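The same chain A turns up in both complexes below, where it pairs with chain B and then with chain C.
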Partner chain A sequence: MRRNRGAGGAGRYAFRLQEERAAYAFIFPAVACLLLFTFYPMIDAVVVSFKDFNLINPQADFVGFGNYKELFADRAFWDSLLHSFHFAIVVIPAQTAIALGLALLVRRSTRLSGLFRTVYFLPVVIAVGVASTVFRLLYNQDVGLFNALLKLLGLPQVSFLSDPGVAMYGVMILGMWKSAGFFMIIFLAGLNNIPKTIYEAAEVDGASRPRMFFHITLPLLRRTLAFVVVITTMDAIKISGPVFILTNGGPAGSTTTATYFIVQEAFDQMRMGYASAAAMVLFAIVLAISVLQMRAFRTDVEY
Partner chain B sequence: MKKSMGTLLAVLLATGTLAGCGGGGNGAASPSGASEPAGTSAAGENGGEKVTITYWRHDNEAEVKALKQLIASFQAKYPNVTVKMEVIPYADYETKIRTALAGGKAPDVMGIDGPFVASYAHQDAIVPLDDYFAQNGDLDDITAPVRESLTYKDKIWAAPLNDASVAMFYNKKLFEDKGIPLPSQNPEEAWTWEQVRDAAAKINDPAHKIYGWDPAWGLGPGEGSAFVKMTYLWQAGAEILSPDGQTAKGYLDSAEAKKALTFFGGLYNDSKVAPKELPPEAFESGKLGIAMNGPWFLPVLQNNFKNFKDWAVAPLWKDAKQVTPMGSWNMAITKQSKHPREAWEFVNWVTGKEGAKVWYEVTKNLPARLSVADAFPELKEYPLNIWVKQSSTYAKPRPVSPAYPAISKAITDLFEDVTLKKGNVDDAVNRAVEKIDKALSSVK
Partner chain C sequence: MAKPMLSAAKLLLMIVLAAIALLPIVWMAFGSFRAHEEIFKYASDMDWRTIFPVEWTLDNYRAIFSDETKPFGRFIANTLLVAVPVTVLSLIFNSLAAFAFAKLRFRFKKTIFAFFLSALVIPGEVTLVPSYLLMSDFGWIDQYAALIVPAVVSVFGVFLLVQFFSDIPRDLLEAGRMDGASWLRVYRSVVLPAAVPAIVTLAVITFLGQWDAYLWPLVVLNDQNKMMLQVAIATFSNLQVTEWGRILAADTVSSLPILVLFLFVQRYYVQGIAMSGIKG
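Moving on, here comes the complex of A and B:
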């Protein structure tokens, strides 16, 4: 109080101005990076998508919607989108359920829960390249671990990597193994945010465990769930890392996802303009789905 | 107080920028580079002036070792020229060089894989070398198929480091166990497709994890895969493109091509002598009867698989024609180079008659120069003589076309289609022809 009387409004204003300046200085690096490495390339890609742009020749002519017209008639592009969606439709519910299940399992802090949390999270910190290389061996028909296990159980052998009808599931298993741990941690944070008192009240009312899960845990996890589902969807539709090393888009193109298609067109075929157009279409699709999902998960429940 | 705050901010800014941009800057072409005028300065009149030549290539232990030797001797001969070699991991190489070309940051000299020469030439990224070769390049010493593979629009665009060829590798023990007569070592007496298939059928025993034949480096995409698969079309007597390189129609969809594809698919689906999936290092571990490989496989067998002694080499199989694949890595001078004269002297130092001998001694790669093939007696003896003879007599270059990337992909897709999708060969061929013709029309 005493301090304010002496300094008055002007001093306060100066202080705020200084604070604001410091704030801008703090966010400057992040904003500069975003502008330079995210927004500038994005806008550039929009421009390039209207050009007949060859990767190694910067001189290019505008072709209007030529790239987009060709793209919509390109069977390979539609197939690649289909593969991405196939991956997404299986992985989103399966991976989310696994992550939530793991989170529920390691939620209570016992002596071993720390160990299990670490173990389940471990695949997340392993590099995609390493994981994919190891899975390549695990999936091998003759020397792979998975087929050895199947044989032990008396089940037929599966060609995870050379059967066009199966290879995508091979990529899915790797993808889920790799990411489930990350979303487990997110769910764990969400679960710990739910006040204990609500469960206690339910217990007093004599609610069963499944009832508590469906009527307390799930509704109150809605925001966490929304985050997990939206991020998983984006990751799934853009899946590419494991494809590069595990399958190279094969066999017979059966694991060529949209992102893989774009990289191939841009850098192998050197058709940067065409690839940029494909990237724009993929971007629009991911954006539209994310917006719809955000709407669907909008919630009024506060706690 | 204020000052220390400022310092703190500066530090934060610097570290923040670095942390925030980590990864983002990787490979992103700087926009400012594009405006630089490329290769306009008068080169070649620099005399004693200090010149630095940058050279990018992909990673390969023996080849990099040879280059270090050659660069050292080159710099001793031309004290005013410094060569800076940058070695890039193989998997990143094409992407990195293409991005650098687009961004105006290309090196003076680049490593270039044979079949892409036409693409780079068509896009004006590299310069023709005819005048340089005429001065001191000994062009006639280079084998005819190699020269042909580097010639686009009647000009030669790159200088070869070496050639490549593949022959048949087989497991002697598996042959003898089944009482199969061994194939001849004479390059003129290659086995036919049917002979190889019949031998493979006798060896093939998937229940005991012994496989007959890996006919073309498995299935799958990539230039290596296309490199060996095209030979089946040629051996049957088919062509991929018309002689003028303008269309695949009437060539890739010929009866000969369909015969080759039907035979190839049949190996996987009818006689089943070829497995769709192989364990790693199947041949080296004695689980595969017949494979194909190049002379580069010899040191691998001798050094890394010392206990495996059952291998032998025979000439690559044939059908209506005896044809072998060819072509390897080369050096080209980029249009952006400001010192093409000095760049050529370096290229010629490495790929010329004397350099090529050093190159062979260190890398043991199949020479692209006739004088080198003559200079080393081992190249006239088994097993190296097989590849040498093939590369000078039966080798056929891949189509020299600016649409080559699309052609390569269409071919590997086609072989996968007829093998894995088991669909109609006619439909698969028509799709491939359509893809190639579309790509050809877009580069006209």
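Moving on, here comes the complex of A and C:
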């Protein structure tokens, strides 16, 4: 009997061991790639940020906090951070509100709603290069469609991309046009999770539509809202793609965002150490903001 | 009495928003069939000819495909050459890892998975410089390997598949094991067939992501002949600013397959995005 149990135990042990071996083999490629292509570069970014590293001189010297000191005194770097924040501070509330509005409009699962859902989502599948080149033409001051539309409505003409005070808004409009549909889908998923019975009960109690929105929909969407806001923030602060194609950071550097600054320093000026220091600062900011946001949303949930 | 008014207003709003979403796409597609002069002729005053072609022409398409200094067909081929292997390999590696994380029992699973997910907070923009240096150490600058190999594993992809796989009952897997199948067999013959929607979702997201890639290809590829689609389109717009029709033709060609693909698989794609939001 004892032997039996021992044999059974050994069998199960072998079984477990096999499972464990299989599991490690299955996760190995993924974990190895992640170590090599994400974690190692992250550590290396820290190391390089303390070096006077450029492509021409690979034997870089450690310069301590030299890069950081220079960075904090660099007006262009602060400006680039400011531009990123400007983009983020407008886009986060505006785009989130638009996405939520779209989701509420197409919430019901009728054919017509489904059709509008698809239409609202289409800009998301338009690639960044395509969208940016098209908008560049649409924004054209003399022959662009947007100015023709403004003229039709009797509004003054806008030089979307050549006025330093306006160009960032041109980037924002493009960004929101392209992304709102994506977050609409996430809001729709959140809305679908709210039980219909709650609304039915509220209706019986005679609650008005706005009341239901503020007292049922919004509170129950809090987790989804948190997710959308955190993701939008991260994307917004790192914005770069449209900037490269639409404005090239201009006019007069008015759309040079932090990521654009990093890429320029690294690959145009070849100052990789300096660029890495800027990247570390950007990383710290993004991380701090998302931690703060998640805290903010969590305390709300507890009450 | 207020109700029909309200729903009419709602419908009107929905139509206006749809017009905003569609206008740039429609203008792009129609513009690609117009002669350069025609676009400008009707541009400043809004009427139907501002958007719709008066005289249809295929010249723009002919021009972009026959321009030997900027072989547009080659850029599309290049992009497929990268996007297809990335999609296939990432499905294999990510689904294997996700299967292990979702269903198998092994030591340090929670720790390793937490460590794995922590990579989500590291943005690619932050590691851009050291990643470039790593590619340069490997001798992969100007090689497609620099685009393919690092893109094969996606933390988001593994995360997404773990959500799907966790619904597969473990009994089903153990039954397979009792029949003497290896875990790899179980994965192939039980897990994968049960997860087809999830696999399609991830395939579409991965492929679209590659089609859309801009910054990384811009940084690691200098060779004109190896250029990726989005980078090529951006240079089109920078160098030939006067040739609007050609830019729009290039944009339309590169959007069409994606739009068609999307309309076919939209259910899966949308489901995948929704999933990332609910449980995330």
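Operating definition for what follows: the second predicted complex is superposed on the first by the 268 of 303 C-alpha atoms of A that agree within 3 Å, B and C clash if a C-alpha of one lies under 4 Å from a C-alpha of the other, contacts with A are read in each partner's own complex, and residues count from 1 in each chain.
In this section, a contact is a pair of C-beta atoms (placed from the backbone, for glycine too) under 8 Å apart; a residue touches a chain by one contact, two chains touch by 3 or more.
The structure displayed is predicted, hence computed values, not measured ones.
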* Applying the touch criterion given at the start, work out whether A:His86 contacts chain B, chain C, both or neither, answering first, second, both or neither. => neither
* **First (chain B), second (chain C), both or neither touched by A:Val286** => second
* Which of chain B and chain C A:Thr118 touches, first, second, both or neither -> second
* Touched partner set for A:Pro164, first chain B, second chain C, both or neither -> first
* Quick one: classify A:Ala189 as touching chain B (first), chain C (second), both or neither. => second
* **Chain touching more of chain A, residue-wise (chain B, chain C)** => C
* After superposition on the shared chain, which partner residues are touched by A:Gln141: those of chain B (first), chain C (second), both, or neither? -> first
* Asked: Between chain B (first) and chain C (second), which does A:Gly250 come into contact with in this model arrangement: first, second, both, or neither?
  -> first
* For A:Ala30, is the partner it touches chain B (first), chain C (second), both, or none of the two (neither)? -> both
* Now for A:Met270: first (chain B), second (chain C), both, or neither, which partner does it touch? -> first
* Asked: Once the two structures are fitted together, what part of chain A is touched by chain B and by chain C alike?
  -> 22, 26, 29-30, 33, 36-38, 40-41, 44, 137, 142-143, 267, 272
* Asked: In the complex of these two chains, what residues of chain B are touching chain A?
  -> 5, 9, 12-13, 16-17, 20-21, 24-25, 28, 31, 34, 94-95, 98-99, 101-104, 119-120, 123-125, 209, 219-222, 275-280, 287, 405-406, 409, 413, 416-417, 419-421
* **Footprint of chain C on chain A - complex, ascending** => 15-16, 18-20, 22-24, 26-27, 29-31, 33-34, 36-42, 44-45, 48, 102, 105-106, 116, 118-123, 125-138, 142-145, 147-149, 151-152, 177, 181-182, 185-186, 188-190, 193, 224, 227-228, 234, 238, 240-241, 244-245, 259, 262-263, 266-267, 272, 275-276, 279-280, 282-283, 286-287, 290
* To do: Show which residues of chain C lie in contact with chain A when the two form their complex.
  => 10, 13-14, 17-18, 20-25, 27-28, 31, 39-40, 43-46, 50-51, 93-94, 96-97, 99-101, 104-107, 109, 112, 116, 119, 121-123, 125-134, 149-150, 152-153, 155, 158, 177, 182-184, 187, 208, 211-212, 214-215, 218-219, 229-231, 233-234, 236-238, 244, 247-248, 250-251, 254-255, 258-259, 262-263, 266, 270, 273-278, 280
* Asked: For the complex, which residues does chain A have touching chain B?
  -> 22, 25-26, 28-30, 32-33, 36-38, 40-41, 44, 54-58, 137, 140-143, 159, 161-164, 248-253, 264, 267-270, 272
